[in-house]
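There are structures below to look over.
Both complexes shown next keep chain A, but they swap its partner, so chain B is in the first and chain C is in the second.
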Partner chain A sequence: MKWKRVVGIVKKEVKELLREPISLLTFLLVPISMMVVFGYGLKLEVKKVPFAVLDLDNSKLSREIEDKFASNREYFDLKGYLTSYDKAEKLLEKGKVSLIIVFPPNFEKRVERGEKGEFQALIDGTFPYRAEVIKSYVEAISAREALKVKPNFKVEQRYWFNESLNQDYLVAVGTMAVVLLISPAVFSALLIVKEKESGSIYNAYSSPITKGEFITGKFLSGALLSTVVFFIAYFMTVFLFGVSQKGSTLLLTLGSLIYTFVAVSFGLLISNFFSSQAAAFIGTTVLTVVPSILYSGYLTPVSSMGTSGRITAHLIPTFYYLRFLKSIFFKGDPLSLIVKDLGALTLFWVVLFLATLKTFKKREE
Partner chain B sequence: MVVESENLQVFYKKGKVKAVKGLSFKVKEGEVFIFIGPDGAGKSSTLKAVCGVVNYAKGKLKVLGKDPKKEKEFNKIREKISFMPQGLGRNLYKKLSVEENIDFFASLYGVEGEEKERRKELLLKATGLWEFKERQAGKLSGGMMQKLGMCCALIHKPKLLVLDEPTTGVDPLSRRELWKLIYGYVKEGITVMVATSYLDEAERGSRVLLMKGGRELAQGTPEEVAKTKKPVLIIEGEDYLKAYEKLWEVSNTVRIRGEKVRVVEEKDKVEKALSGLNVEIKEVEPEIEDLFIEKVGLKKVEISESFKPKTEVPQDAVVVEKVVKAFGSFKAVKGVSFKVKRGEIFGVLGPNGAGKTTLIKTILGLYEPTKGKVVVAGKTDRNEIKEIIGYMSQKFSLYEDLTVKENLLLWGSLYGVPLKEIKEKVKETAPTLGLEEYEGKLVKELPLGIKQRVSLLSALLHSPAILFLDEPTSGVDPAEREVFWQVIRELSRKFGTTVITTTHYLDEAEYCDRLLLMNRGEVIALGKPQELKEKVKEEVGKAYLMYTPYPFEAVEKLKKEGITAFIYGSKVKLFLKEGKVEEALKKADIKEFKVREGEITMEDVFIYEVEKSSRNS
Partner chain C sequence: MKLLVLLLKEFLQFFRNKGLLIFALYAFTLDIYLASTGIDLTLKRAPFFAEDRDLSKTSRELISKFPPYYFKFKGYILNDRETQKVLLNDEAVGVVVIPPKFEKRLLRGEKVKVGVIVNGAEVSSSYLFSAYATRIITDFLTGGLAGKLPFAPQVRIFFNQDASSRIFMAYSELLTVITLLLLLLPASALVLEKERGNIEMLLISPVNTTLFTVAKSVSMGALVLILTALALKITIEKVVGVPFKGEFLDFLTLTAAYAFTTTGLSLFIASVSENMLQVSQLTILILIPILYLSGNWTPIEAMPKAFQLLSNLSPLKYYIEGALSIAIKGMSLSQVKGDFFKLLILGGILFGSGTYLIRRRG
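For the complex of A and B:
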């Protein structure tokens, strides 16, 4: 490996990027705008939940509890009172309400007798994430009322470490994970394809530069420039979205860099299969956006996915990185607890890099 | 032996596309080996196989003793080879400066330190790029980009320099300079392999391989390659047009060149056919084009009456009077005046940036002239001329994903021709233009020559009285080009269609009745091709070709004597105004030589006039 050649490539790439106003703009603007649009636009926070009440008890206690929900105007929006289960079900089906609270007959009497008082919360489960949040609200209120709630699906406590339950923080951290995959991957995919398009790839084909030197040069260029993207995303997460970080910055940086290496290697791998920039751009975008948003645990908790979804999630680097980010930001876990995630990311990197080397041909097809 | 190839075959798409179908050749050290042929002949694929950029499928290939297929072994000698791909500045990084480009190549090939700086300075100064070393490569002219591409390819002192069409799309002046550079490197001991689609460049090689459709047509020295089976005859005189018609009965190699007919045929046969006509028959040295035409053969093209223009055009079909076209403070056209007569084939020539395109666009009414007046078919109102003119652009305004027929129907309808009429015209014309079998095919699947004909036909469907062509036949083989120009000539002679064409392909210039030479927005010469050549002959003298074992030395000696001379393949071309050429050569202390009279080509005219005007301004 002649490092002078590798360095030559890196220098060339940096110069080219700095002199191309449009690519420089996209290079910086894409991550920034994605952070802003997703960070502000994607409101996962659930507020003003439309709900209805089916009070078969009609007692003082039941009305008191109803009132607790109805008076919490920020989170709940009372749509009305029902008289039968049938109507309740229909309302839920039509999506008019997301929550129905059902008080059984003799609810108050049971409580007064010192028996276990139960009321039911029917929650629209179309969006598991939303359902879970609603459930946690119901739980919070009923806990305050020292009452037990019997939900219509299994409960798992989840938001332990994000005590304020601020969904914006979760979104910001998740967006950072998505952006740090998409942006470096797309940028790196174009690194090789643009040379195929312009014809300068022939210099690599016909000169004595080896496959390893060429790919390493491109990889280092991608990695170096992606570091910039990491810092942008990180500072936006901390300063713009105000996410407080509990764990070590050093660890965070280390993990993030490994993750961007994965993204860069993935982009380079993709570029071996495309010969036009437009195709490579679309290909890489689709292959990074879809899995990282849908299967990483960003929008949908992995625990609420089916078996196939859960397996898919484990094949996507963003899943590990997001878990790693949450550990660092919200829990401040020590290295020993996150070493598994770091290991998984490193494995992704090595495998993708080797695959890139294997599939790059120093010849025209 | 630098390169040895035996039955070389190159395939693409897993064998579905066969680009090279068995080619054998040997390149000796210090040679300028030229691969010549039209687009799609397989030149690029051959060169790429030699450089180990594509894998060859079958046959044997040894480059500097190594097999390019074996990457590991071949990678060791890659530093001795340099490859410059086809296309203007294709190996360059457009955003990097001239110097940075060279530095990058130096880092690829491991050239460092003082050696690098020394070599860089040498190359950039030789190419005249030294003063532009801070400029971004993308902002250079086509010719300069190609020169920079060559500098980059030479930074590591390769033994073998492989250039894929370095002169395509470059104006004649820059072309000649590029060749001068190539010969300079040969002098340093570099072996050069060049591909070109300009047949007239064949003479510049020490060895030539003429290709078509992936196979060899001929191989040898330029003279050997051009050797036709039958003699090449030129017929001139009063009855040359009658002779042209007659000759089709005995030969399929008949071509009109200016006011002469050129044919490859036995002399007695021609004499018999032309007996009683007032013409003179002369035998001349064959050129590669003659060989090509002899091998491929031509067909006479007839154009039906339906292409007769519907509008009568005055005798002065196009009048351009003191036209100035400025863009801001930049004047692209600086006061140009000329008249084009009805039925004339009029050529506009000039290097890149001479103002040709701006001038044509102004005539077409796409630009409003800043000053001056343009009258087309007696009209000055731009909107009135649209139906009178036809336009065929260099890039062909055809839709790639439509079939030939669909394209023709679309273009005809856009000009308001009834569908029935279009169909009739296509039906009549398709056989003579050889388009019948292609009617149902998608345009993107067509060979270049066919595409050009379809494009021409689409511009003719509304029977225009004035036809504009923009570099119409670049890259096609001579037989294809001949068909194209036969159509143009028929239109002009039979129906009085006026044709204006722009080009920097000098082969095309020979087909024109009159030429307008432009440089830097000004007219530098105007006249018949023959007149222009005569004028140059008067001013610089007769042209000679000299064969000598030491051409580089000879050029230096001649220059000292004040004689215009330059390297021309393995020969030296020189111009001498008076006196005997042998004596002049002896006087210049050139000992071993053989000399014969050469021709003043359109290229000589072009370069002479452009240089003269540049000196004057």
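For the complex of A and C:
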């Protein structure tokens, strides 16, 4: 392998990116904007639930319960009172409120007579997670009101790693994992195919450069530029989102670089397979965005997925990288615990790189 | 006539591009299938351990109260060290800690404490786990009392009785895929002509740029509509098995309005981009905020104020409101006409300025 040729390709790619301001700008803005939008924005916390009340009882008790909801401003947002059941259903249909509390006539009387008083909570089920959380809020508030006697027990809830259940840190770290897959992969996905589409690939075909040199050159350009993306994402995680890091920075950098190498190799593999940039881009996006967000453990725990979900998760590098990141940031695990994830990532990298090398033909098919 | 020829050209080009065709089909089939069957945001089979320091009949009974639908009991552990270990390795969403002498104290009427330790590293399940576990423990400990509480809510979840994630995930993924393709296809079709230099030929031909742009937009929009129809009928209804409650045509009409709006954005991307690298990066740059501001993941009312205002500019917000109302709630197009018209207005502005920019730069 002649390194001069490899370096030549790297130089060319870097120059091409730096030459055009829009390219450079968008290349840098993609990781930044993803970190900002998801890091600040992606919260599953359900707050300020818009709700309405249909009180057919209009008693002291019903108003007392209503007040418990209305005064809990952080979680509930009272939109108004209704007069009929029909209107309640309409309002839910329109999505103006997510919850309607209905007190039937004689609610208070039944409670006073010692019969079980039931009021209804109608919840919009369009967004299932929100529906479940709202349900749990309603039940908790009602139980606290109903249990007037001080209970003789205590259920102590504690969050591990994350005492305040402030999800910001977790989301920031998860976002870093997603960004470091998508951004390098999408960039690299065009590296080979753009030459095919413009025809400049014939230069490579007819020059003395070998297959290995060409692919290595493309890989190194992707990897070099993605290192910039890594530093952007890492600094934003630490300085902007204030995630404190328990483990070693060296290890974190090493693991992250291997992971970006996986992403770059994946992009190159796709790039090599297709003859149009549009196809390569769509393919890479579809194959990275959805799996890395949904199957990595970013939003939902892998441990509670079904069998097919769990198998899919293990086929996705983000799953290992996110576990690695969580170890470094939140737990400061020793190397022995992390080594498995690093090994898996390295395996992905080697396999993808070799596959690209194997499938790249230095001639027209 | 010119338009027809141009449309035919676009269709032919799309279908000849095998790679594009494969991935477009993948996005509307397998991708939606994977997202809707593999992902559940609600609490299902959440693995947990019990650190039972009492090991009495009562403590075992308490653990048996955790219903297998939501929880999956993985076994007993002995001490805090092991608790730490299972949480560290993400083997469990939570651990229930029962103190020593739990049964004795309970019988004697003394105060008892039960701990619920939740793995805070799980974004979606940690809250629901602690809420459900607390309720189950409370129910158990109030024993006779639970049934005798003076009042309790009777919860009814509308439109999706068991709060199944499948329905939501199937449609939400469909809408995401539609957005991605609508942003990308027209822009890439246009920029490709620029990259190849075809645009020069166009400038001296009798076809004017506007007609040319319109042909690209219409053909790509029509393609996405066809794919949407297929995804609804085959992937979502037949394969995933999620019901479609509304009128098929209403959904497609709304999608057409959305296609108009999003294509406008795509033209905007095309007008600024010189090559496919820029198209791809700009597509992501626009896609991410649109997805986020749509309220699909974070409820709009829970966003910071500035984002709430910005969300009014996300076309996907109106499309999601309208499309989910039709598909999940079974409403008609006339009931969601507000969303429909907002899409058209937004589309008019975007499409108009997009074509203008392209003409000016061409």
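Quick notes on this structure:
Heads up, the rule we're going with is that the second predicted complex is superposed on the first by the 250 of 365 C-alpha atoms of A that agree within 3 Å, B and C clash if a C-alpha of one lies under 4 Å from a C-alpha of the other, contacts with A are read in each partner's own complex, and residues count from 1 in each chain.
Convention: contacts are C-beta pairs under 8 Å (C-beta built on N, C-alpha and C of every residue); 3 or more make two chains touch, one makes a residue touch a chain.
Here the structure is a predicted model, which means the values were calculated and not measured.
After overlaying the two complexes on the shared chain, residue contacts for A:S198 are found with chain B and with chain C alike. In the superposition on chain A, A:L257 makes contact with neither chain B nor chain C. The wider contact with chain A, measured as residues touched, comes from C rather than the other of chain B and chain C. In the superposition on chain A, A:L220 contacts neither chain B nor chain C. In the superposition on chain A, contact of A:K362 is made with chain B only, not with chain C. When the shared chain is aligned, chain C comes close enough to touch A:M34, but chain B does not. Looking at the shared chain after the overlay, A:P208 reaches chain B, while chain C stays out of its contact range. Of the two partner chains, both chain B and chain C are touched by A:E20. Contacts of A:K2 after superposition on the shared chain: chain B is touched, whereas chain C is not. Within the superposed three-chain model, A:T126 lies in touch with chain C and out of touch with chain B [touch as defined at top]. In the three-chain superposition model, chain A touches both chain B and chain C at residues 20, 198. Those residues of chain B that touch chain A in the complex are listed here as 12, 48, 51-55, 71, 75-76, 78-79, 81-83, 85, 87, 90-96, 100, 103-105, 107-110, 112, 136. Of all residues in chain C, those touching chain A in their complex are 17-20, 22-24, 26-27, 31, 34-35, 37-47, 72, 87-93, 106, 109-128, 130-135, 137-138, 141-142, 145, 149-161, 163-165, 167-168, 173, 176-177, 180-181, 184-185, 188-189, 192, 195-196, 272-285, 288-289, 292, 297-299, 301-304, 307, 321, 324-325, 328-329, 331, 335. Those residues of chain A lying in contact with chain B across their complex are 2, 4-5, 7-9, 11-12, 15-16, 19-20, 198-200, 202-203, 205-210, 362-365. Residues 17, 20, 22-23, 26-27, 29-30, 33-34, 37-38, 40-50, 61, 65, 77, 89, 92-95, 98, 101, 107, 111, 116-133, 135-136, 138-140, 142-143, 145-147, 151-163, 165, 167, 170-171, 174, 182-183, 186-187, 189-190, 194, 197-198, 273-283, 285-286, 290-291, 294-295, 297-306, 308-309, 312, 323, 326, 330-331, 333, 337 of chain A touch chain C in their complex.
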